[in-house]
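Next come two complexes built around chain A: one with chain B, the other with chain C.
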Partner chain A sequence: MKVYWYIMRSRILMTMAYRFQVISTVLCQIVILFASVFFWKAAYGLEAVQSDTTLDQMIHYTVLSNLLAVLYTTFVEQNINQNVRQGNVAVDFIKPINIMGSYFAADIGMMIGSLLFRFIPMYLISGLVFGFTLPVSFPALMLFIVSTFLGFVILWCICGIFGLFSFWVIQLGPIGGAKDYIIRFLSGSFVPIWFFPEGIQQVFNFLPFVHIYQTPISIYIGKITVLESLFPIGIQLFWAAVMVLCLTQFQKVAFRKVVVQGG
Partner chain B sequence: MAVSIEAKNLTKEFIVTKKEPGLKGAFKNLIHSEKSVFRAVNKINFSIEEGQVVGYIGPNGAGKSTTIKMMSGILQPTSGDVTIRGGSPFQDRKKVVRNLGVVFGQRTQLYWDLRLGESFELLRRIYEIDDATYQRNLGILNDILNIQEIIDTPVRQLSLGQRMRGDLAAAILHSPPVIFLDEPTIGLDVDVKYCVRQFIKDINDQYHTTIILTTHDLGDIEELCRRIIIINHGEIVHDCSLETLMNEFAPNRRLIVDLYQAPQEPIELRNARVISQEGARICLEYNKKETSTGDVVEAIAANHSIQDISIEESNIEDVIRTIYAKDSESA
Partner chain C sequence: MKKLLHSIWHHLSIVFFNFKLTVQSQMEYPSFLVGWLLANPLQFGFGILGIFIIVSNFGSIGDWGFQEITFLYGISVVSHGLTVVLFIQTWNIEYSVRYGEFDRYMLRPLGVFFQMITSYINLIGLTDMIPGLVILIYGCVGVGFEPTPLNLFKLLITILGAVLIRGAIYLLSGSVAFFTKSSGALIEVDSKLFDAVSMYPVSIYPKGVQILFTYLFPIAFISFYSAREFLGKTDGLPMFGNAYLITLLVGALVFFLAYLFFQWGLSRYESSGS
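This part shows the complex of A and B:
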């Protein structure tokens, strides 16, 4: 167990080491965040939007969605792909540790690093411009944290499964990027799914994607009450378990396919 | 003696896709590519006892690295079995690799961006090495490999030789009873090479470690291995001691004799064959088992006055080259 803590810790330290990267990503993300907030302002201003969600709620939703995107950066897919391509999987296999476990620990470390050096600065900057986005209540904040973590697990497993495809195709190419956009679309990260037709919403609610972004954000801004949130959190738990199971099973198959590139 | 590593009918097949050349070929490959099965390792058997240092050699692409990778749990055998101290490295990966140290000369297991010491700290946690053992091992490694001087340098800034020292240290930090070295001396200068060989000798002496070494540097073999296994085209062609191999494939020794005066007529000896005779220099060959060097010298000295002699032992490289060549002929 110690080893996973250590991997996590060294990743946190690593995020600190690259100061230029930290500043530049914060700036980039801020630009995207501003753009999406102004999009919603324009949409509401034109009265193009018919919704019981207020503009204020929508701004907070967008700010939070962009902040979550910063936390939800996973490297598992990239790591597996790179290691397979360069033949470094060999090095992973000769250590007596759980390989996916060590990738997970690394990504959790990155997430904590992002929380400290990206999330918080961005939260402060956007707060000063658009007003601070505060959770509706303390229990809501707690549930938000739980829900965010579960969302992360779901997303991480999806990325992990994609990464494992490298064992067959060696080079993943643009599939990874396409997957990211599909996930962000299906998860209500760009446009909350309550703007979608009723039927589609019903379907989406039972898919895992909505529970990556929309569920935690809805809890935070009070779109759903604490009591109402227990059901989607239950579904989150269900999907997280299913995804972990899929990943571990798929990993077993993939590891049998190992070919070490380059001698 | 206890058996440390055992391979039974170990086989690995790869599926190779045939890529056709040119633009037309590239399009064809997109739709349909021809696949064929390539058998990299073909039903090999061996058993290695604890504390043995074994040289595992063969030409490029013979199946050496594939074998090592199956033994270290990276590749799953297509059929057959390999066990390390009784456990299967694929089914029981975590348990088996705990007793294993592996060095791949061509890649590093150190963390590229971190200082060397950081990688050691991680390994210490991976293998759950207690403090006292860790400090003691680090001390020993420092004596042999001079680790202290590079421990604070980020790995990406190390030279190849320094990096190899780091990798060797990393592989045995947890004092594994079995070590696989896959071309540990590749690309190293004589100094570092010497250091690496010394290191292998030392740990084998001190810890009775079982070591399998693949290499193209026959100096490594000569100095370190009492037993060699030669593999070619995925099959073991020889498994014996270096001495046996030399006796079988290079039974002859060469003697070069410089005389004070060039002899008037060609020299002929009962116990040695004359290969060349240029002026006062004569080159002779004889079987080292049947004839002693003293007898040959004496036979010449009976009729001529000798100024100087030198003996050429047949060299291992020639022997190995003969074996490789003979083998590809028959294949």
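This part shows the complex of A and C:
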């Protein structure tokens, strides 16, 4: 356990070292955040529009979605791909720790770093401009944290499974981007699923993606009540378990395939 | 006269030779090409699909209907694709500065800027242009754009101007690397700004933002003003004269300024020291 703790801490320190990088990602995310808020404002227009969601809710939704995006940066796929390509997997296999566990600890470390140096500054900036996005209640905040963590586990496992394909193709390339666009769209990170046609909504609600972004945000802004949120959190738990299982099984298959490059 | 023709021919033959080399090197990694062919259409396809879903819930974005936004979005993506084909090298100035790549360019008897830009014609950019053209054509049909020679000429001039504006801002940001050794962050912020300002109508933003991106940092010209003129709309800041000509003029002007900045930066270039 101490090992993983150490890896995590080293990543938190690493996020502090790259200050310029931090400023640029915050700036990029702020641009996207501002653009999407004004986009929603224009969509709602001046007159009252028939919608179950108020403009205020939608603004908070967008702000939170962009804030979550900085927390949800995973490097597992990149790490696996790089280690396979450069032959470092050989060294990884010698280490007496769970490789995936070490990647997970590293990404949790990054997440904590992002929380301190990206999330909080962005929260303050967007709060000063658009009003602070506060949780509807204390239980909602607690459930939001649980739900965000489960969402992260689901996302992380998808990326991990994806990264394991490196053992076959060596170089993943831009396909990773395609996967990100699909996840971003299906998770309701820009357009919440409740704006989609009824039939599609029902399908999407049972897919894992909605539970990465939309479920935690909905709990936070009070789109669903604390009691109502127990069901989606249950589905989140289910998907998180399924994903972890898939990842560990797939990892066994992939590790048998290992080809060490160079030497 | 003969000398001039010879010089043009010489430059063209170099462009052609470089182009052949880049195509060959890009074909070395066919899986990458396939990857981009999948990723880029998905990115823009989901972008426009998202807008479609919002508009079908709310009726319009500001004064703009879905077809009109598609037209605007199309101009934006096509000009983005073409910029990536022609000016991707501006993203790499940072590396060329850090690794002393400019040493090589400077030793050859040819303009450094010309060599840098033509040494990599990025075919991958075409994978952006495919969805871009599909969206633009769909938008043209949707808004009843008449494909007369004059209209097509105007559209072409608009896109040319848009490419120059995008290229100029990338060149400007890339050239910052001559002074700071790093510009990747700026380039990233640029591309996010381009998306935010040219894929949605600029009129959705507050007046101050519109003024900033029209007069100071003229990226609103990439798509908004020309699209607005084609569609006969009047929202946003007032503008005199033909928008497509102004777009081209602005593009040429900022590109020239960016070029001067590049040359100034180059004069401060100090190689990598190893």
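In this text, the second predicted complex is superposed on the first by the 258 of 263 C-alpha atoms of A that agree within 3 Å, B and C clash if a C-alpha of one lies under 4 Å from a C-alpha of the other, contacts with A are read in each partner's own complex, and residues count from 1 in each chain.
By our rule, contacts are C-beta pairs under 8 Å (C-beta built on N, C-alpha and C of every residue); 3 or more make two chains touch, one makes a residue touch a chain.
Everything numeric in this text was worked out from a predicted model, so none of it was measured.
Partners chain B and chain C, once the complexes are superposed on chain A, both fit on it without clashing. Of the two partner chains placed by the overlay, only chain C lies in contact with A:35; chain B stays clear of it. Residue contacts after overlaying the shared chain place A:93 against chain B, while chain C stays out of touching range.
Legend: residue contacts after superposition of the two complexes on their common chain; A:19 is shown touching neither chain B nor chain C. Of the two partner chains, chain C is the only one that A:175 touches; chain B does not reach it. Figure note: vertex chain A, arms to chain B and chain C, all at CA centres after fitting on chain A; angle 90 degrees, rounded to a multiple of 10. Contacts of A:196 after superposition: chain C is touched, whereas chain B is not reached. Set against each other, chain B and chain C differ in how many residues of chain A they touch, and the higher count belongs to C. Minimum Cα separation between chain B and chain C in the superposed model: 7 Å.
The contact surfaces that chain B and chain C form on chain A in the two complexes do not overlap at any residue.
On the side of chain A, the complex with chain B involves touching residues 2-3, 6-7, 10, 14, 17, 86-91, 93-98, 255-256, 258-260, 262-263. For chain A in complex with chain C, the residues that touch the partner chain are 20-21, 23-24, 27-28, 31-32, 34-35, 38-39, 41-45, 49, 51, 169, 171, 173-175, 177-178, 181-182, 184-185, 190-191, 195-196. Against chain A, in their complex, chain B makes its touches with residues 14, 65, 69, 72-76, 93-95, 97-98, 100, 102, 104, 106-109, 113-114, 118, 121-122, 125-128.
On chain C, the positions that touch chain A within their shared complex are 29, 31-32, 35-36, 38-39, 42-43, 46, 49-50, 53-55, 57-62, 182, 184-186, 188-189, 192-193, 195-197, 200-201, 204-206.
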